[in-house]
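Down below is the structure, laid out as structure tokens.
Chains here go by letter, A, B, C, D, E and F, matching the order in which they are written, and residues are numbered from 1 within each.
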Amino acid sequence: MKKRLSHYDAKGAVSMVDVSDKQVTDRTAIAHAFVRMSPEVIRALPDNKKGNPLEIARIAGISAAKKTSELIPLCHQLPLTHVSVDFDIRKGGISVTAQAATAARTGVEMEALTAVSIAALTIYDMTKALDKGIEIRDIHLIEKTGGKSGVYRRKNSK
Amino acid sequence: MKKRLSHYDAKGAVSMVDVSDKQVTDRTAIAHAFVRMSPEVIRALPDNKKGNPLEIARIAGISAAKKTSELIPLCHQLPLTHVSVDFDIRKGGISVTAQAATAARTGVEMEALTAVSIAALTIYDMTKALDKGIEIRDIHLIEKTGGKSGVYRRKNSK
Amino acid sequence: MKKRLSHYDAKGAVSMVDVSDKQVTDRTAIAHAFVRMSPEVIRALPDNKKGNPLEIARIAGISAAKKTSELIPLCHQLPLTHVSVDFDIRKGGISVTAQAATAARTGVEMEALTAVSIAALTIYDMTKALDKGIEIRDIHLIEKTGGKSGVYRRKNSK
Amino acid sequence: MKKRLSHYDAKGAVSMVDVSDKQVTDRTAIAHAFVRMSPEVIRALPDNKKGNPLEIARIAGISAAKKTSELIPLCHQLPLTHVSVDFDIRKGGISVTAQAATAARTGVEMEALTAVSIAALTIYDMTKALDKGIEIRDIHLIEKTGGKSGVYRRKNSK
Amino acid sequence: MKKRLSHYDAKGAVSMVDVSDKQVTDRTAIAHAFVRMSPEVIRALPDNKKGNPLEIARIAGISAAKKTSELIPLCHQLPLTHVSVDFDIRKGGISVTAQAATAARTGVEMEALTAVSIAALTIYDMTKALDKGIEIRDIHLIEKTGGKSGVYRRKNSK
Amino acid sequence: MKKRLSHYDAKGAVSMVDVSDKQVTDRTAIAHAFVRMSPEVIRALPDNKKGNPLEIARIAGISAAKKTSELIPLCHQLPLTHVSVDFDIRKGGISVTAQAATAARTGVEMEALTAVSIAALTIYDMTKALDKGIEIRDIHLIEKTGGKSGVYRRKNSK
């Protein structure tokens, strides 16, 4: 059977696809983003007494995952059972990963991808006074489990 | 004067910074994102009678720009006077640009960056049945005008 | 000059149109909706000790007016200076009118129309246990003032 | 047993009614709205290179269905398994229908009705530059299945 | 085992905790708030022909319960099966109680607490023209049922 | 002139009051809340490697201030020029203060009060595993400036 673009029905019209007949199963997804920044900006990150830009980015990413179906027009509303956002400070910037889980009829990859994207944008917002050239890259899905299509794992994931 | 991380006050606590004394001026920003996809997926994009994934991504990006202050914790609420999202289909994927404008006390770069990010995520969502390896990259600010810091233009912007 | 569909730019792409160069002026709009219901349902409306379905519909309409730019994709965000929703119980149902006002660069007709629509849907929701055949009709703009196009007043408005 | 207004408890106070003891069953609803417009406006609809006002209205209707419990104060939050919005261009205007489905303890008629109402308001918003006299009418429930009250089908539905 | 702050994982990072392995059970919570106001303000409450400040506060509290996971960053999204808000006019002010119920993997105490808090703030908003010294106090959990930790009942609850 | 309940018009109907004729002036407000908790819970607050419950509460409070007009039905939408939330750890619990500022036609006291209330609820949510008896109290306005009614300062504010 030929693969089709997501969210289009047989007549070619867009819809929030009918998942009524799909099984409720446990589903997880892990996504990644990278915020490239100069060593000067990286060094400035922990340089304040209270709070840390990454902690605020973490909260922003978790909150955004819960808003995914409001942001991506054809996403189903999923009751998330877990969301976490983690950071790894590397030489050229900050690596952001997010995990999301649900028990639902459809997958959570958009929730994990939305979490890393908004966390990365929040890091940008917190550091933009130091450098307007910061860039977000490598937003991709690392892993996905559950549902009929089974496990997906990205090759050569950084 | 030494530059500081955005949104931190003199005591080092995070806040939505006080812009009460700033001038209301016209401000614009242009941002960019790139959705890298295989030629097969690019060819599938217009392949449906009604609607087009890019049109849905455009609406998603415009709507997201209006939600920026709900997504990025320390962003001010700005009454946008203009938002547009445009696409350029290239060899290796789709280039997304967004323009945002306001008359306000603070800049609109986060609004433009949020628009391209959510438009790119929506393209991902519409095409993910064809290829889970799609990647979003090169999210950056192209240009910014208005406000005390004046015009910023990215060097070598693609 | 030929009139064009709203929200399309010169290239035919949809956008939140640029109103940067428009004047901030006082603008008002009045909209109307009619909820047709049987005399039995009308008689049941005030039949409860605390609260009244119309009071809940009023709050729903006012709250919805504030959400207009989240619901109608290309609407600008307007800081409303006034919203009111009123009801007139007639023979065949309930007439709903909403007034909205702002000082902004673009009109408030969508805000007034959204207020009457959601108020009418709330009346439906509060009474649907009694009659599923209730119908909403005659949603239209009664009057609009302010802005370059001046005053509009519907002919033969009920 | 005497029928009561929806959402009122035994003491006459309004509440989000307790459905804890109801069964989770598959539920569907179909709703209708009609946007009356002149032949000139109908002819202008497809008259632009990119995008189509009806496609934007479709997205707005689907997105609004997911927001129903935020708009209608006493509606329960339902995880929709399907939403679609369709248009039929007729002589005097555009007929809008929406289908919604869920597996839940309460029905989805408000979701389908909200979808057609916001889709219709979006058509209004996209065409209002051509004609301010456009009217929305015939918002009603066509069909409802699932739950204890069983199937409802409107008589003489257009 | 040593008790830990809520929402922190083993590494000490904050997350929306993983409840994937918890059972879906019926859960309820009752919360309380008190709005202290002068006898003059209490007497003014019913003094208007249409509507009543407490009815508006009731709707605000019910609506807010549905928004809890948008307000409290690490709260899970719960499909509420019931929310009610009640008022008791006492000598020194108004006692507010809210009940919430769900069938979910985690408890509804934050939903009940959010409902009483926003209902109390709405009473403040409706009466602040009469007295700016109004105070909200005694926001606490009265009772909680369901889940592994079983029943909690506050001692000496007023 | 006799004082009236806020938000009621001359006919006694509730509305979002018309502020069209009011002046846009700078307005500020400071509000307070107190989260009473046992010394054991207070000692546990900083006891985790990354993040701090109070930092999360701060973000929640700032974000909630921006949502005030969605939570309090008759509040106007205000473009906030500043929001900050601060904590003072005392013997019996945590004192929360929030400052809000705007340039608008109506005051920001509800924004400051919403910020302290949601910040306090978030502290509750982060610590509830340790003690369900935590109580929020002393939510009140400390100070208000701007607008026709001038400066208000609470007597004997703690």
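The rule is short, and it goes like this: a residue touches a chain if its C-beta (ideal position, glycine included) is under 8 Å from a C-beta of that chain, and two chains touch if they have at least 3 such contacts.
What you are looking at is a predicted structure, and each value in this text was computed from that prediction instead of being measured.
Which listed pair repeats A-F comes down to matching contact pairs by residue number; over half match for C-E among C-E, B-F or A-D. Taking E-F and C-E together, the chain pair joined by more C-beta contacts is E-F. Rounded to a whole number, the gap between the C-alpha centres of subunit B and subunit D is 31 angstrom.
Remark: subunit C and subunit D have CA centroids separated by 16 Å (rounded to whole angstrom). Among the residues of subunit A, those touching two or more other chains are numbered 13-14, 50-51, 55-56, 58-60, 63, 67, 70, 73-74, 79. Those residues of subunit A lying in contact with subunit F across their complex are 50-52, 55-56, 58-60, 63.
Here subunit D touches subunit C in the complex through residues 3-8, 11-14, 44-45, 47-51, 53, 56, 59-60, 63-64, 67, 70-75, 109-110, 113-114, 117-118, 120-122, 124-130, 132-141, 144, 152, 154-155, going by the rule given at the top.
Touching subunit E in their complex are the following residues of subunit D: 9, 13-20, 69-70, 73-74, 76-79, 104-105.
Contact residues of subunit C toward subunit F in the complex are 26, 55, 58-59, 62-63, 65-67, 79-86, 101, 103.
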